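The two complexes that follow have subunit A in common; it is paired with subunit B in the first and with subunit C in the second.
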Partner chain A sequence: MTRLGSHVQLLLAVATVLILPLVMHSGSLASEVLIYALAVLGCNLLLGYTGLLSFGQGIFFGLGSYALGIALTRFDLPVLATLVLAVVVGAVAAMFVGWFAIRQRGTYFVMLTLAFSQMFYFLAYSLSDITGGDNGLLDIPRPALGLTGRPLLELSSPWQFYGFVAVCFVLVFWALLRLTNSVFGRTLLAIRDNEARAAAVGYDVKLFKLAAFAISGGVTALAGAFLALMTGIAPLSSIEYHTSEMILVMTVIGGTGNLFASVLGAAFYVLFADWLSTLWPRWLMLLGFLLIAVSLFMHRGIWGLGETIWLRLRGRPPIDPDDGSVATLGPVAPAAATGTTANTATATTRSEKRP
Partner chain B sequence: MTTTPPTTAATAGAPLLRARGVVKRFGKFVALHGIDLDIMPRTVHSVIGPNGAGKTTLFHTLTGTLSTSEGSIVFDDHDVTPLADHQRVQRGIARSFQVTSLFANLSVRENLRLAAQGVHRSGAFNGWHRPEGVRAHAGTVDQTLQRMGLEKQADITAGLLSHSQQRRLEVGMALAARPKAIFLDEPTSGMGIDDLDAMKALIRGLRDDHTVVLIEHNMGIVMDISDTITVMQQGRVLVEGKPDDIRRDERVRTAYLGNMITGGRA
Partner chain C sequence: MNVYLLQVVNGIGIGMLYFLLAVGLSIIFGLLRFVNFSHGAFYLLGAYFCFQAVQWGLSFWLALLIVPLVVGACAWIIEKLVLRHVYAQPHEFHILITVGLALVVQEAVILVWGPLGDNVATPAALAGVVMWGDFIYPKYRLFVIGFTSVFAVVLWWILEGTRLGSAVRAGSESTEMVSLLGINVFRVFSLVFALGAATAALAGVLAAPIRGVEPFMGIEALGIAFVIVVVGGIVQSVMSTLWPEGARLMIYVAMAAVLLLRPHGLLGRG
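And then the complex of A and B:
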């Protein structure tokens, strides 16, 4: 990604934050878009930048909800402190899960994250004294943002709350943009591309993956905490396997390897679900069709589709659908887009063979 | 490269790498039956032998890609036997692969930058700054580009390079780490006849600044540029010696190399 590219992405993210209130009636729904966008950003860091398909994102999301719920209902901590707490809890849990999961690759990595997902669900279910079990945590207050006990900013109305989430969202988005373009982030890309070579040139691959996990867990937990703060409940469903699946689906639909694609994926899913669920109770089936279409024809998700259309309109050749997602990542997108295709095929097959 | 990597094994005559009784088992199959090997600094040391002799497995154990089942490996006065591959890179060991293994979706320059950065492990965890300025390792990268003749391809995605260019980048990746010892696993494999001489000259030139350990099937190259040759057979060292000794050695001639030794290609 060029410097311009990441500026454009930040600009797009800020624009989204500003446009949502203009086109939407419900502040809660708008907040929900940004909250899930945060969770999807966390997932994208693992899937798009590190090549890890984690079915454990719901763990961190749920733990974030619980951490905030418990801190606010039992300990009466200030809101900002509870959010920080949620991030820490999420990051620590992610390091725990990651420490085991990254020992394996491919299928077994996925199965391990799935197993932990189940484990944490039943843990939350059985520890009903702490988590409220089947009922979840209820009546989570939403106190005003304050400094040393003095309330400064009310969060009670949906649009006030949206404003707060929006500021946090932009900050996190900006930090993740820097991260993905940093020396560290570029190394993650290298690990995704060729793990054996990354180790052979001196990188401790496991440590990098663990760090990516921790960051992803922290960001995802922040999303979970925001949702609990908004809805006033931390339901058992927030730590359910279904949450992991939903976050993954949003990530894939939006497109991986580009941070703004995650915002698109979350917005599309949340708004599509909101609209369709009022029309047809079986709307999830349509989502299934869409996922099939994305998996078959548009690996780069909605972002990739948009990019292809944009390039077509400007009369430039579209990026090869299988290779493009990664080609746009590197600082060499134009060369990849216009270069000869003979070697692209071999390069793609080679990278696909790796787990 | 103009700067010379520091060598702590200063005393001439002391090997840079000393392997003793290296055994590698895969389940019940024994790939290496106790290999002893001394690699002298500033030499080209070739390992030859028929397919399945254990050359690449030996390479893997020396560079840390595979762990050893038994035996010890001392490199530059440090016992590196328990170290993983990425840790041995920090000690000054770098390698290339027999089957080209690049970051195929990243540019040539980025490939080399990553290889140069890999030796500086603390800097790699910088999650805030772009790889610019000193973090770009531009000096090392440019030198390597020039040395490998890939300057014009610097901004091309590595996966789009021609086979010969990819092979050169493969060697460049090892070079960009500025290692004390550079392990090259069949650097010329699949190269056209035109590129062979250039690669041969390049490997020979590496000896000035590095110690080169080479697996190579092209006997012409091996005989011309090696200081020492180790011949392997069925997981054991058959003979070791200077090129002329190897060429004349009856065991090598009659045992299995046949007329290959006289210059034909395997």
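And then the complex of A and C:
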């Protein structure tokens, strides 16, 4: 199962998209699941595939919301154009943050992304002419999808909107699958597992990290833009460090093992939060206990738990938890150049601590 | 002139509290290599325990003495039961588990004391203000400055003059080497975590009469403490006179700059 093929993952993602409307009453909640799944995919690309623990994903999420909000309220752009704009804004911001952040490693990297996250928060707070400050951007319209000014597809009902998000989600998921299975994706894994070796082999590690940041920022901003489009507001809280924290929590809860784990993490968090918050106003306490439990006992997240159960049922020994994070390096694609094959093969050995 | 002086002195008063918070965070971070997101929770507990003690009619002074000890003991137990099992894990689990702890504490505080804030009376002996000519300053804040300064000296002595301090300082350089010398590093870890939490609780107790108590004060304080660990409190007080709106933005700009240029802190070696 760890060597899960990408077609199986894509199938699972499509199945999720199709099942959600069957089991859920609220189209908005279903859309929310997919929206956060997008954000978590972005985070997973950094954490699971590049080994970068970014505490600044909320920056890109919030900027995506603001970009869409400003473009729709002030400039009246078509929806698709605003989404593209949000992606570009997110990617550029991520390159900016990443350019600084990748100069440090480990905890200093985390603190640096945290500093940027706070910086952007107060920037959004201070520039109230543009962002609406404390109130956020209000009354964002949700115009119909259209080409050259002619409306083709209404998005006004929650399920229509869900359909639109679902199509975009599957496209992004597929693109990220392609990406992570490409030579580029394998190089990211190599950097994650042994940065010194990847650099020694001749890869420009910083450039790869920067590219991962840009892609992650773009995808996360798309999620933020969708949320703003759905709720009609781009609140200040979307760029707050809580958003960064939440995206990170979803990522780790789901597991960083593969891309579909991110969908699980987001779905679990959103639905769990929605369900518990109606039962008990202090549900965050249960979330706290859950986080502690995950840190202690479930290092590979929900995905890892499911995998262990699945293997037990089939009478196979469970995977060593310390070895399983993204050990998805199966046989390397034969098309890869021989040099690359050698590099990626080194990545299968888990990182030596420090040279 | 007086406006600036007042600004500076005010900055020092609050800055001392932030210093207490930051110093605890800093020793935990230095030794355990652990980004402690639950640090604000101990500050929160300190403030609320003080509030409760005063509600029960105990004196503020007793609270000042006992609350940090109680919170330190709680932290010691939490470290033993929970945290030490994730030291070997990657950073994301350090963050996840301390965020979880902070959430549990914050929600427990809301359950026990309710979601709304409350005030804690300034102890009678320190109510009122002192006046030097036309310069007026609250007595209590003066006490905070004095008390924290004394505490800082004590803390400095603990870190520089005692065996535990030597182990902590050596441990931040190389944990493995210290354990090879026959020192039980895990015991030092527990003590340092408890000491850090107790300092945060002390800051909470001292802050309660100034700021009151409310359940989200921990999160707010945590953000600022993170900054101070790397920047120091000076930037904020200077900036708040020059460009008040941008002060909080600028401290994070400064924090990023320091992290880039001097990742081991302004005074760190290397």
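Criterion: the second predicted complex is superposed on the first by the 324 of 355 C-alpha atoms of A that agree within 3 Å, B and C clash if a C-alpha of one lies under 4 Å from a C-alpha of the other, contacts with A are read in each partner's own complex, and residues count from 1 in each chain.
We take it that a residue touches a chain if its C-beta (ideal position, glycine included) is under 8 Å from a C-beta of that chain, and two chains touch if they have at least 3 such contacts.
Model, not experiment: these values are computed from the prediction.
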- Query: Between subunit B (first) and subunit C (second), which does A:194 come into contact with in this model arrangement: first, second, both, or neither?
  - Reply: first
- Task: Please work out whether A:203 is in contact with subunit B alone, subunit C alone, both, or neither, and reply first, second, both or neither.
- Result: first
- Query: A:100 contacts which: subunit B (first), subunit C (second), both, neither?
  - Reply: second
- A:10 contacts which: subunit B (first), subunit C (second), both, neither? neither
- Task: State whether A:211 touches subunit B only (first), subunit C only (second), both chains, or neither.
- Result: first
- Task: Determine, under the contact definition given at the top, whether A:108 touches first (subunit B), second (subunit C), both, or neither.
- Result: second
- Using the superposition on chain A described above, determine whether A:185 touches subunit B (first), subunit C (second), both, or neither. first
- Query: Of the residues on subunit A, which ones does subunit B touch that subunit C also touches?
  - Reply: none
- Message: Per the contact definition, I'd like the list of subunit A residues that touch subunit C in the complex.
- Response: 47, 53, 55, 100, 103-104, 106-108, 110-112, 114-116, 118-119, 122-123, 126, 241, 245, 248-249, 252, 282, 284-285, 287-292, 294-296, 299
- Which positions of subunit C touch subunit A when the two form their complex? 29, 33, 35, 82, 85-86, 89-93, 95-97, 99-104, 106-108, 110-111, 223, 226-227, 230, 245-246, 248-249, 252-253, 255-256, 259-260, 263
- Sort out for me which residues of subunit A touch subunit B in the complex. 3, 178-179, 181-187, 189-190, 193-194, 196-205, 208, 211, 323, 326-327, 329-332, 335-336, 339-340, 343-344, 346-348, 350-351
- Item | Touching residues (chain side subunit B, partner subunit A) in the complex | 63, 65, 84-87, 89-90, 94-95, 97, 101-107, 110, 114-115, 117-119, 121, 123-131, 135, 155-162, 173, 177
